[in-house]
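The chains carry the letters A, B, C and D, assigned in the order they are written, with residues numbered from 1 in each.
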Amino acid sequence: MSLSSLGTGKTEKLRVAVVGATGYSGAETIRLLFNHPRAILSAAYSTSGAGQVLGLVLPSLRNIEFSKLEEFDASHAVEQADFFFLAGGHGRAMAAAVQLLDQGKKCVDIGADFRLKDPALYPEWYKFEHGAPALLKEAVYGLSEWNRAKIRAARLVANPGCYATAALLALAPFVDKRVVATQGIVINGVSGISGAGRSATELAYHFPEAAENCRAYRVAAHQHTPEIEQELSQIAGEQVQVTFAPHVVPASRGLLATIFAPLAEQMDDDDAFDLLYERYRGATFVRVLPPGTFPETKNVRGSNFCDLSAKVDKRTGRVVLMSALDNLGKGAAGQAVQNMNLMCGFDEAEGLWTPPIYP
Amino acid sequence: MSLSSLGTGKTEKLRVAVVGATGYSGAETIRLLFNHPRAILSAAYSTSGAGQVLGLVLPSLRNIEFSKLEEFDASHAVEQADFFFLAGGHGRAMAAAVQLLDQGKKCVDIGADFRLKDPALYPEWYKFEHGAPALLKEAVYGLSEWNRAKIRAARLVANPGCYATAALLALAPFVDKRVVATQGIVINGVSGISGAGRSATELAYHFPEAAENCRAYRVAAHQHTPEIEQELSQIAGEQVQVTFAPHVVPASRGLLATIFAPLAEQMDDDDAFDLLYERYRGATFVRVLPPGTFPETKNVRGSNFCDLSAKVDKRTGRVVLMSALDNLGKGAAGQAVQNMNLMCGFDEAEGLWTPPIYP
Amino acid sequence: MSLSSLGTGKTEKLRVAVVGATGYSGAETIRLLFNHPRAILSAAYSTSGAGQVLGLVLPSLRNIEFSKLEEFDASHAVEQADFFFLAGGHGRAMAAAVQLLDQGKKCVDIGADFRLKDPALYPEWYKFEHGAPALLKEAVYGLSEWNRAKIRAARLVANPGCYATAALLALAPFVDKRVVATQGIVINGVSGISGAGRSATELAYHFPEAAENCRAYRVAAHQHTPEIEQELSQIAGEQVQVTFAPHVVPASRGLLATIFAPLAEQMDDDDAFDLLYERYRGATFVRVLPPGTFPETKNVRGSNFCDLSAKVDKRTGRVVLMSALDNLGKGAAGQAVQNMNLMCGFDEAEGLWTPPIYP
Amino acid sequence: MSLSSLGTGKTEKLRVAVVGATGYSGAETIRLLFNHPRAILSAAYSTSGAGQVLGLVLPSLRNIEFSKLEEFDASHAVEQADFFFLAGGHGRAMAAAVQLLDQGKKCVDIGADFRLKDPALYPEWYKFEHGAPALLKEAVYGLSEWNRAKIRAARLVANPGCYATAALLALAPFVDKRVVATQGIVINGVSGISGAGRSATELAYHFPEAAENCRAYRVAAHQHTPEIEQELSQIAGEQVQVTFAPHVVPASRGLLATIFAPLAEQMDDDDAFDLLYERYRGATFVRVLPPGTFPETKNVRGSNFCDLSAKVDKRTGRVVLMSALDNLGKGAAGQAVQNMNLMCGFDEAEGLWTPPIYP
């Protein structure tokens, strides 16, 4: 018996499957499903782990999760679950999504296969030709706080990238109100190393190499850039371009985006706070910090929260926006579950109440 | 409104208070209560934070916990809650416990004030005279898996120390079966730095000093020694003495005890596994790992699990026992909630189902 | 006998004193002096440690450094040394410098007391009135690779701030050649926690709080901002303003500045590399990395190197400059020793040859 | 030109080669040679890096080391150097040593190929048959402080293992004086992850897995066990057996051995201190800490020091010995250079004076 089958009324729970169950995003999705009162893990797929018990491949789940990992096969999978999280890595969710939607299932793609509306951007930023361009139009970009209505009606949600979630939650309100310029925006991101994935066991992430080390990577070339620009452009009604430099720091989890945007009109710290505060009034998972208080990744660790704050640099006419989230939480699995909740008519926060782990 | 008031039937929930709410153990207890279906945080006390909102003193709880911290005053507190966690630091729970029990309340002392049966040990190991020796007899030592029946009937439970929990869960089955000698046992402990507390902002725990550093402390002088010996002696029916050397390593959470015990009779790895496995069959939170697999603190992080394994050194006639837990979980707040569950007739695992956070 | 007295010809060595010997910058200066063939530590001053042996206050120097710490007293100090490093914290070096220069001594101020030419900036950015404005004119800003000739002739050198060193070494060549705009420059800095000092034992730097945590601080308000602007403006011949957001990451040492500058003329990665490479040809401690290779703090750890690289974002017309150094090395003590070498006619690299510690 | 060729009199320097230059031990050896006044790196060998410039494979050495890595070939190597460090991994140094000694060269094997006198122990602990058993007799076990005279006369030195160095330096004086029992000794070791090597990029050492994690490994089965027993037995004149449990903790460098030994005669902390202090009087790199002060790995980081202290547990009749060193310093490359100094008639401490890096 697995923990997720505990509680009454389990037969009424939504049967949920995770494709790519043994990566970090997949594992976190499963962790969150244990707490979910209305959903139950009914199948777990993994290419590398097929045939093994999930709780042995992920030893933190030892003795509490006895699902056997299977190789994903759509024709069989449609019997096993009604809702699918696709966490198997970029480029592999396309075929799965086509097959699952055809059979009336709903999906959240935690990867990038459906984030960009323009198929031409895939070869440029992801180095592959998109195999299901028709679905790109249908897929809803799953930034929960901005697209709630569409997500509720969607069969297929493209879960945003971790950096994109952080950057958009901070920037979108300012772009939406036309108080920042649409050109000249700079985004600096720092991420914990779990963002590189569980299988990224290359030298750079070997503990003695990564500890005490900070470095930038894919500067002005990171694949989350086009989804940030796509969403901001849509909100602005004109083309927005950003310069984005991601960095890796010696932490396991946590992502902090610091955004520098030229002001289109004068404002002070209180104005900036008010703008964010009003926009996210009632949004459970976005916490707007008062002027002078800055987000810290430790305060959102293991949770679905995104903490925001703004600081105006009057001297240079810029607003500095800061946005902290857990790259595996609101930046991946947390937002994916939030989107499932919306798609299935559950309370948006079901299964996501656990406070951040501290310290 | 606070998160913990969500859900139906809240008026039927057990009203629970935490004394010492802003230390690490108190904060972790509160985090666990958010997930508890049958208990609700009804008051939170803190000397340093009195008058402030809890969610501001503990920013991970910002926007989700609006309880106002109060100075603890027993006569007022008895109106506010029916169950109390005492997490205010060693030596301060005695007076509180006396007053609360007098008014018919139940308490778990997360500190050390009621762990030792012999009052003479307090001046020796804790440097204070015990102020309520009569209660020492009544208090039940809260090693949940060993004292379940007594805990269920208790008004006052002394929650074990973090090292003691790890050491006893591993050693007690072997001592109980008389398969290890009662003299010559060596315990080596390593702990993350949260074990030193949130207020221990001394130079040794300043990040640049503590990072990349390992050191022993209080060697052969740590205050968890007498409670380990007390419980083992009771189980053995004769005096057991141990040599205990605790260490601090550059981690926030996590505790690993490695125990070296001379074998009193021959056994191999499988025998040692079987002994542990049989003893903890049915114990939700103790996971016995198969021979050749060793516990890792990352696999229990943020949870109430204790992972155990045993390795026999045939060459030297010793068994090496390894025991991993989260010092704030099974080593403090987790076991405290487990004990509350037992004392209140709840399922032992209520509110403690969340899997470890990984990675 | 102390290590630093080893070797032949010690009587000919320059007698050097460190004021503020027990802070991180002071301790690192002393570590570097052990390797210096032409200088010897002849006195060490510390307010908090006065009367104690240095090797006991800094246990890494136990058994190898037996100097007794003294309270700094200028009239006595002038007998003890001929060259002084002032590392005692902002605001305290002014009086010392006046007295020491009067007696014909030379000084490097590792703090900020002489970095800004305009005394009015001190109350604004440092919250104190400058007590020796006349010396501000004389003091040479000690960015070694840019002010070598002046430093060689100086009695008093103001050692640059850690962020300022990183930012200026990267930016100055581009500003100097007029290939970037003088407005719209954004600087994002991340620093290890030793930058906060050894006495900063506040909760934020307590290991369990700081580990796995990233956060910005003093956004658009950091005191290194005016020295960056001062030096860039002088090079540009016009006023340059920057937006600067520093961050703290869970590392002990290491600083990475990522700088976003609007291009004033078109260039590609090779052009940017060439510009840096030509400017620093022959500069021992500045390493310009080829296009596509980004600096990492681990590669400069414990050394006086600053690693630089540039990436052009053609889409947005910006160049992204990256600059990594050890905040206690080239960002403090290393550059201070480099400046001493220049001021005393030694080879610029004396005592600084040790490669970075790796890993 | 490389840094190591700087200085006067370079033609008189000892030409030194490193086999296995790109592993952590090899890289650290090269780092130390930069500071060595009497030796110069004249060749560097690496199978994986052959043909590349060393400073590019080890980016911390970029721009300062231009040696080209070569595939090791003994017949060519004998032309290139007169002294060889063999750091290419266990089992590969045997053939090299035979060839180099035949040509009149001297070698320190940083690996394990010559540590054990009994060839039968190699299949048992290392899983290979020894290929040069005749040399096992000649090789001198390179625990510098115990075998100085033999090392001075040796052609081939077997550099001790990191755990063995820490354990032996602490234990040997007590075994030598017969004040501890020869049975019942327990050794608990904790090591930073660089001990696993640079190529050990397996999942367990992936940063998100290894950070915040502690675990034991090879319990009662670690290959340093037989060399510890061999050396102690020789000192004791009777067979000594130990139970050894190594652990890995989230640090890059640093090793701490905590040793529990039954006392054969009564002693107190002062007696234990005196015993250590007298034994290591005059030993530059062994620092004996006063009673009540315990070694910390941060205080030896990057250096050749080993810090020792002892604590008597009167209650249980045991002495607890603690020993801290840098696993790449005194535990590998540092002691290797110390042994080279002895073998070549240099001052024992040449090139090893740099104090530990702190913090």
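Heads up, the rule we're going with is that a residue touches a chain if its C-beta (ideal position, glycine included) is under 8 Å from a C-beta of that chain, and two chains touch if they have at least 3 such contacts.
Remember, it's a predicted structure, so these values are computed and weren't measured experimentally.
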(message) Can you check which chain pair, A-C or C-D, has more C-beta pairs in contact?
(response) A-C
(message) Going by average Cα coordinates, which chain is farthest removed from subunit A?
(response) D
(request) Go ahead and note the Å separation of the Cα centroids belonging to subunit A and subunit D. (result) 46
(message) Report the inter-centroid distance (CA atoms only) between subunit C and subunit D in whole Å.
(response) 35
(message) Based only on mean CA positions, could you tell me how far subunit A sits from subunit C in angstrom?
(response) 39
(request) Spell out, as numbers or ranges, the residues of subunit B touching 2 or more other chains. (result) 24, 192, 194, 198, 208, 211-212, 250-253, 296, 298, 301, 359
(message) Quick check: in the complex, which residue numbers of subunit B touch subunit C?
(response) 24, 192-194, 198, 200-203, 205-208, 210-212, 250-253
(message) List the residues on subunit A that touch subunit B in their complex, please.
(response) 3, 6, 24, 27-28, 31, 34-35, 58-65, 194, 198, 211-212, 252-253, 287, 289, 296, 298-303, 307, 353-359
(request) Would you mind writing out the residues of subunit A in touch with subunit C in their complex? (result) 183-184, 186, 188, 190, 192, 208-209, 211-217, 219-220, 241-243, 245, 247, 249-254, 256, 258, 260, 262, 294-298, 301, 311-313, 315-316, 318, 320, 322, 324, 359
